[in-house]
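Take a look at these structures.
Shared between the two complexes below is chain A, which has chain B as its partner in the first and chain C in the second.
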Partner chain A sequence: MRDQKLWTWHLAAGAIILFLLGLHMAIMHLDALLGIFNPAGGHPIDWANVVARGQSMAFTMNYILLLGAALFHGLYGLRNILFELDPAPPLKKALSWVLILVGVGLFIFGTWAAWVGHQVASIT
Partner chain B sequence: MAKDRRHPNRLGIWGWVGGGSWGPDRYLYTLHRITGLGLLAYFLVHVVVTSSRALGEAAWEASMARVSGPLFVLGEYLVFVAFAFHVINGVRLFFAELGWGIGKPIEPIYPYRNCLDDQRPWALGALLLIAVLVVVGALDFFVWH
Partner chain C sequence: MSNGNLPEQIVFRIRRFAPGRDKEPVWKEYPIAYEVGMTVLDGLWKVKETIDPTLAWRASCRMGVCGSCGMLINGKAGLGCNTQIAELGTAVVTVAPLANFPIVRDLVPDLRPLFDAHTALSPYIIRADTAEQEEPTREYYQSAEQMEAYLQFSYCIKCACCMAACPTCATDPVYSGPVALAQAHRYNTDTRDDGFEVRKEVLADEVGPWRCHFAGECSRVCPKGVDPAKAIQLMKRQLVADALGLRKKPPLAQPVEKPEGIERRPGIPEAPPPTV
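Here is the complex of A and B:
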């Protein structure tokens, strides 16, 4: 039952990633074709474009939601692959905890970076 | 539940590519896993690298300078290709999980059909869409810039 719930969340996170990462990829890597959300022109990673996107609360929330969805989807997927190798139960438990700690740690770190990045952009 | 020692149903990593008479769907499954693992590895590093924008322009520029050059552009393109495959094949799998595009249960009358017969056009459509994205991505990465 618990795995069924986690699997359903895995699919839901995938649906969120489809839209948010799709938008991110379109902005960052199809910029010559689409040229969206890069108001300063040039390359999407130019500081002026990073600041322009960072000033937007919608983008900041987008980053945090995408971060959470991608971490869960990716780390749960990795957990499933590792569990298929049939490790001993104590190792399974240890792996789960390591992945939870990595996920929560990176989510906190990434959320901090997105939020502070928003504040830095707002005063630039 | 006791494990069946004769047929453990566990081929491990080998089962991704061999151990049976696999069809194209098995290789899509394998590619889905490989691209997923690749995207995860990239993403974990990406979170750390791009967090430098919280420290201001100088830190951002220094961080981006460390990951620039032709090799990184090629690497980013491979990430784009992995993304295109994983997302579009993932949508196909999502629909299959919900029972869409796999046909209805039928009586086993010769010549036998299975759900893969209904699923195959979706897989081919997904591959076509992936190919379009891969080509458009290549143009954007290497030609239009």
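Here is the complex of A and C:
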């Protein structure tokens, strides 16, 4: 059951990455069409636009969701590659725990950074 | 008799190994006379009969049905009986045992890992009405479209060529491999079968289709034209839909009544009674 569920989450994370990364690319490169995400006008990477997006809770949540999806998708893929090297069962277990701890650690750090960025942007 | 493309003499370069006697495999060369229509299996017989009677391989039907004579021929997995030497187009024919299996002797692989994985996935019809299966009184109805969904996968002869070509089997001993997975899909797709949940107990775990990278080598080498790679991808789709609660369970095929009031055409014999 475990691998069936992990694989399903792997695919779901891939779909989330595709959508959110697609959105990011569109905002950054199709600014003529998606001007609403750049309220200060001008270029999408103008500091005023970066701050405006940072003030938005929806964008902050998007960043956190994208971070979670990318971490899960990437680390599960890495786990598959490592498992194909046929490590001994105890090493498999240890590898899984290392990847879980790395993933959770990076997610907490990234979430904290996105949240602090949102707070700073809100008082700017 | 000679062939236009091949010399009258060809050389069989064969990997020899007897575990327990030899420390490591060695390559030996056997020159034999080529005859038109000669298959790799014919060549092996000729080597055994005229040069080295100790050469060992496994073969039975010599017509691509039994799946016994799977071997690596010029580096590619295939059936010895199905491979014409003229098609290879080389004067030196290299023959080795199937990769990814322990070797019993010379060209004889130990296929137990394949059959263990195959057995673990219950490759047979599973349904609740066991009494009807044991003593069939009627036939289960299945449309042509329903049969088409699994038909090609039922052509598998378990020759293990796909397992020898699979890059995942080469590195991951836990992976069930294309034979077992394609057969599990073949039964999961059969509308007469109700064993999806039973097979899922095994498939949903580490041995399931998750490590397949869709290299497609299994489908490329299959001597029966089966597409195990496709079966594995369809199986992944089925299992993901199941995990999301989106799998549509097709209606189970039911025994159909014998039609009444129909006159049998004259001259058509009755089906013989069941023998098993």
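Heads up, the rule we're going with is that the second predicted complex is superposed on the first by the 106 of 124 C-alpha atoms of A that agree within 3 Å, B and C clash if a C-alpha of one lies under 4 Å from a C-alpha of the other, contacts with A are read in each partner's own complex, and residues count from 1 in each chain.
The rule is short, and it goes like this: contacts are C-beta pairs under 8 Å (C-beta built on N, C-alpha and C of every residue); 3 or more make two chains touch, one makes a residue touch a chain.
Here the structure is a predicted model, which is why all the values come from computation and not from measurement.
Touched residues of chain A, counted separately for chain B and chain C, are more numerous for B. Judged by the touch definition given at the top, the superposed model places A:K5 against chain C, while chain B stays out of reach. Using the contact criterion defined above for the overlaid structures, shared-chain residue A:E84 touches chain B and also reaches chain C. Once chain A of one complex is fitted onto chain A of the other, the partner contacts of A:I123 are absent, as it touches neither chain B nor chain C. In the overlay built on the shared chain, the residue A:H29 is in contact with chain B alone; chain C does not reach it. Of the two partner chains placed by superposition, A:A58 touches none, neither chain B nor chain C.
According to the touch criterion, the shared surface of chain A, contacted by chain B in one complex and chain C in the other, consists of residues 11, 84-86.
Against chain B, in their complex, chain A makes its touches with residues 11, 14-15, 17-18, 21-22, 25, 29-33, 45, 47, 50, 54, 67, 70-71, 74-75, 77-78, 81, 84-86, 102, 106, 109-110, 112-114, 116-117, 120-121, 124.
Residue ranges on chain C touching chain A, taken from their complex, read 168, 171-174, 200, 203-206, 208, 210-211, 236, 239-240, 242-244. Residue ranges of chain A in contact with chain C, taken from their complex: 1-8, 11, 80, 83-86.
On the side of chain B, the complex with chain A involves touching residues 10, 12-13, 33, 36-37, 39-40, 43-44, 47-48, 50-51, 53-57, 60-61, 64, 76, 80, 83, 87, 90-91, 94, 97, 136-137, 139-141, 144-145.
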